[in-house]
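Below you'll find the structure, written out as structure tokens, and then a few comments.
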Amino acid sequence: MAGKLDLDPRVVARARKLAARAGQPVVDLARSHTTVSVERAVLRLAGVRGADADGIPWVNRLVDAVREDVGLGHGVAVPVFHALASTGVEDVTVLAQKAAAGAVRFAVPDKKGEITAARRAASRAARAGLKQVDRRRAERDRLIKRYGDPKQRPWIYLIVATGDIYEDIPQAQAAARAGADVIAVIRSTGQSLLDYVPEGATREGFAGTYATQENFRLMRAALDETSKELGRYIRLTNYASGLCMPEIAALAGLERLDMMLNDSMYGILFRDINPIRTFVDQRFSRQVHARAGIIINTGEDNYLTTADAVEAAHTVTVSQLLNEFFAHEAGLENWQLGLGHAFEINPDLPDSFRLELAHALLARELFPDAPLKWMPPTKHMTGDVFRGNLLDGFFNLAGALTGQGILLVGMMTEAVVTPWLSDRDIALQNVRYVLNGAGNLHEDFTPGPFIRGRAEQVLTEAIDLLERIVDDTLLDAIADGTFGIMKRPADRGKGLDGVAKQDEDYYNPVTEGLE
Amino acid sequence: MAGKLDLDPRVVARARKLAARAGQPVVDLARSHTTVSVERAVLRLAGVRGADADGIPWVNRLVDAVREDVGLGHGVAVPVFHALASTGVEDVTVLAQKAAAGAVRFAVPDKKGEITAARRAASRAARAGLKQVDRRRAERDRLIKRYGDPKQRPWIYLIVATGDIYEDIPQAQAAARAGADVIAVIRSTGQSLLDYVPEGATREGFAGTYATQENFRLMRAALDETSKELGRYIRLTNYASGLCMPEIAALAGLERLDMMLNDSMYGILFRDINPIRTFVDQRFSRQVHARAGIIINTGEDNYLTTADAVEAAHTVTVSQLLNEFFAHEAGLENWQLGLGHAFEINPDLPDSFRLELAHALLARELFPDAPLKWMPPTKHMTGDVFRGNLLDGFFNLAGALTGQGILLVGMMTEAVVTPWLSDRDIALQNVRYVLNGAGNLHEDFTPGPFIRGRAEQVLTEAIDLLERIVDDTLLDAIADGTFGIMKRPADRGKGLDGVAKQDEDYYNPVTEGLE
Amino acid sequence: MSIVRPYGDATGDGMVQLSFTLPIPHDKRAEGAAVQLAGKMGMDPAMLVHAKQMGDGFTFFVVYGKVNHLVDTDKVQVVERDFPLLSAKEVNAVIKRRLRRRLNVVGACIGTDAHTVGIDAILNLKGIAGEKGLEYYSELSVTNMGAQVSVPDLVETAREKKADAVLVSQVVTQRDAHLLNTRAMSAAFREALPAGKRPLLIVGGPRFDELMAGDLGVDRIFSRGTTPREVASYLVHALVGSSS
Amino acid sequence: MSIVRPYGDATGDGMVQLSFTLPIPHDKRAEGAAVQLAGKMGMDPAMLVHAKQMGDGFTFFVVYGKVNHLVDTDKVQVVERDFPLLSAKEVNAVIKRRLRRRLNVVGACIGTDAHTVGIDAILNLKGIAGEKGLEYYSELSVTNMGAQVSVPDLVETAREKKADAVLVSQVVTQRDAHLLNTRAMSAAFREALPAGKRPLLIVGGPRFDELMAGDLGVDRIFSRGTTPREVASYLVHALVGSSS
């Protein structure tokens, strides 16, 4: 597939180097801060489970209590495991319950020995969590070996979004039987701004189902059954995004989810989450994903729902390069990088389809080893569902022609409703027709001057923009509305109060295990 | 566009030579016979107009009367114009009326002088008809100069089929406003087997509207208005096909139709019309089309509705080569050859779309100067109209990728109803999207081994079949079910009794003017 | 499960999709008119999701919404196969044993209809969907008259061939052509032959309602997706009696 | 033209297209059930043209047919624009002349809804469809609170900014989220502020029924395809009075 555009390798190398330079200050920021959610993720891996009667998870209660007493700057691990030792409580969840009742005080011990002991205990607990993640990864490898990967590229990715995990499950299984390789359970609107992860099986989402550990478990178990039935490992996707990104990443690792939506800037831009909060959470969650063997899906496609897909094409490229840099830095390998982009050019534009090919091929050739995530048209979809199905067909064709890795199946009712059962069936039929009938057309696809010229132009614009970002800093670029025309200053946005600078003695037993 | 397949010019030349050898005996047959419809066409050009109270045209009454008295072998011109002279009737239509009332007897005069006089009178009358045809052609050239041709290739061809000329007209105008370049008025079922051309404006067709001179006139006038309104000359199409092919060709010439469906074998295969009748009528009608500057559309697409589009692909090629030979022989030029083919491969077949491209490109490169007529999927269309619109989109794409000349717009309701107003609108929107967004994709289309191999294979099979036809004769091949799996022996089929061998003294003032 | 509702993405949501054209230009009133129609069809709420003017005086609409109608599957009327489905072997055996002569079948596509693919699929050796057509059955004698056969010709041939059954295909339905032609055909047979001598009359085509046999004056109607075996089995059932 | 019917390809033919899923496996009975539903919706005859089983227990249907309902365009209820459409210049002039202060507008996308493109199109300078948004109007003072704003925050900000009008967007409609949120919002304003002090309440979003304003407790609803000028003109009309 590679090499159709004849990109100049020196130009490509320059783009990567600029992305690294633009990203490094943010990495430094992430390494020197922590957040409530990072700390809660640590506690989850260290074994805290469950929630109080109001549904507030014990990890939240515990982190809040620690923070009240000593702040976050030291990390919660030492205060918590020190308290565990000093109160004689055996179980961290019990400790959390006691702390919530006001029965425990937290402190950073003065004595070096106590610190070392607390660190050691914390580390042991965290390692147990990570071991579970490792077991899950090995289990996935085994199941893939047993049932096999999808027969074709791109993998076919379908969403379910009923709001009720018990409606989602049969719909997901039906979708897999109808040909889906990857099932994504869309989250309820609003979950991204919850500063806790709900508990248990849920039936009450709006336009999506809450991401909870139990929902993860139920769906993964159901899809394991279906994988067996079909002789094909069905992957499960959810969202490590929003205020609880690190924790959800941990839960995904614990419950063997296979892919997670996880973007370095999506929360900032589209959920108005504070940039620093996001970057810190981001790095931790990616370290977990790296360990868990989870493929991340980044969110560049979203930019094209607010910005124009032609004008802003280079911002997608820049974001992909940044996402790649942050991902590599956090330990993710190329096969784990489902970099996002989308078929969102105004279909009335002359040569719109060829522009799509140019953009998609540029992504393909810039990131030859990444399983690119190819998103369907949404912005220019209308209530004309007949036209919608046609556009989705050309989207599928563009995916096949440019060797995309993960094909998010478009629905003809995009502008109308969250997908109906029949919409998915019609959409899958569309994908099957295109991949079966024209899937090999890339053999006959040799971009001419128009497509090559456009790809080159986008790459040049991307490099120009990266240069400006290196000069101005990424945080300023975000504040200026560079991505998705959303202006997000570094000192604003939700969740900023959950960020803390790491003290000298900051300790995080999970990061320790992951770096 | 040419040259993507690198066809061996020697192989192509051989295919053409074989087609000429296979076709020549049929040409000889056509030159040595006449039919009732050929003779009626002569009389129409010579000025006979109108119909009796039962709607039977005077040309029919007149030819029947001549035939009764002297047979058809001499041609009707001499007996008729001799009778005109000898009865002193001034007008041929009046003569026909008298003849129908039994008041005239026809004979071939014995005297050379009388024969010469009759011939001269007939020739003068026929020349007046042909002059009218010539005027129409000049008028078309003028209007095209004034209003212009469509901006794009392929031309967009839409059908109307209400059965009522007064519903057809506004629908045709609406279609042109919505983007159609060519309007085809579909004929009522059954007209092809009528051995006369109905008269007047009609409102009573089934699944189509009768082809009548008045309907032609009304529609052409309406589209002239629309051409003016749109600044684009809108072409009008009908069917010179069935038992009255020669007459309809003449009427088309007289009323400035621009294209006519006109195939050398369609009537034989799909209307069970006698092969000899068809070939004789065919040659005459093509001579008229040549004179009138009318583009013919051949009917190879139909074969693929009864035969399998992959298995029978080479029969389409063979038929195109034969249609080309017959057309050239009758005086048509390459720009007038809308050779037919269709997107009819089972969409469930692997690589179905690429096979379509191979077939369509083969036609394109075999006939580089012909405005190929590209027909949409019909056979594999179902009541699933969402899928139908998708298939039509890929059909449109194949047309653009392979440089087809005339794009017959597919309807999502193909398997359901004759097109609704909204179906046409949705279909045109589909065409516009594909041509606008991907119309130039041919720049990036360089067939690889699969497509080239398939095209070569079809051409080879076509040559093998032509060799067999040369050995066995075309009439036997038709009798054996070679085309469209329809078996049609030369001595069977409708309309055989309307065929006559030309006598030594056969005279036809129109052919004289056309050869 | 006897009472069901349409299903969009949750049990009982009653959701359907509807599209149509109204002969009025596009404006707010037209949109209201579209919603009014959807309402009369039982959609409530009806979401008008697409409206597009076509030409001067027409607007195309797409509407999504919930219908409140219940579907009672117990009350559905269908022509269920009320005869056993036999293999070609069985068909031949029963005819041989019971009738002791070949069964005569005459088929045609009548009126101006020229769509022979359907009747050919039933009659010709080649068949359809992996099943051979009636010509393959050694105990059936098949005459396929082809397309655009006039009713008098059909009656004449049926008489001549001593047809036990006449199979007629009708594909074109515009202006109810298929119904008109079928009625004309059955009337002609009623007129031409006395009740006992009349062949079994069967029509088929993709748009027939199988419940209309009585109305159209025929013995049986076959619709979309019919296979030759079903027809052969029905012939045996109706003309020869049960296979046991 | 007051009484019309759907138009397929001839005046008065009444033809429509319908698709839906029934939660039953595909068989003849299911097809009958689909036709039954179409019948209850007023389609007669109803042609079932496509049926496809999905998974174990669902079947998707496409039906074409004639509906007998008449549409009376005189009886259509629509919210017609009952105020003059002003230019930005006129809007500013009227406010300046009559109100003698800038008009305060607070906008937000409330609840968990994060679709800001619609409200941004109305409020932001950039606007939509070639029209500038309300920020462009010199006599309007606009506060755009963005996405996922809670109702208490909105009420608080409206009070603080002395809002003359509050503009709320709702795009997500699943499980009637837009209706629930709008009702909660209008109730909160009713509770927090006395009648005379309450700002004008406007909601917008693509799936609202503009007739529901009273029901939802708001002053006006704007749906699909709204442009900023319409909103500005309405604000002037409702808050400042006629432009003359």
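A, B, C and D are the chain letters, set down in written order, and residue numbers restart from 1 in every chain.
Throughout what follows, contacts are C-beta pairs under 8 Å (C-beta built on N, C-alpha and C of every residue); 3 or more make two chains touch, one makes a residue touch a chain.
Just so you know, these numbers come straight off a predicted model, no measurement behind them.
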Winner on C-beta contact pairs when A-C is weighed against A-D: A-D
Longest centre-to-centre distance from chain C, chain (CA-based): A
Centroid distance [mean C-alpha coordinates] between chain D and chain C, Å: 44
Chain B-chain D separation of Cα centroids, rounded to whole Å: 53
Chain centre separation in whole Å, for chain D relative to chain A (CA means): 33
Shared-contact residues (touching 2 or more other chains) in chain B: 384-386, 415, 417-418, 420-421, 426
Multi-chain contact sites of chain C, meaning residues that touch two or more partners: 7-8, 11, 15, 17, 19-21, 47, 52, 58
Touching residues (chain side chain A, partner chain C) in the complex: 161-162, 164, 167, 171, 382-385, 413, 415-422
Residues of chain D that touch chain A when the two form their complex: 19-21, 52, 54-56, 58, 60, 111-114, 117, 146-148, 172-175, 177, 206
Of all residues in chain C, those that touch chain A in their complex: 7-11, 15, 17, 47-50, 52, 62, 64
Touching residues (chain side chain C, partner chain D) in the complex: 1, 4-8, 11, 15-24, 28-33, 35-37, 40-42, 45, 47, 58, 67, 69, 71-73, 75-80, 207, 209
Sites on chain A touched by chain B in the complex: 347-354, 357, 384-387, 389-391, 393-394, 397, 412, 426, 429-430, 433-434, 436-441, 443-451
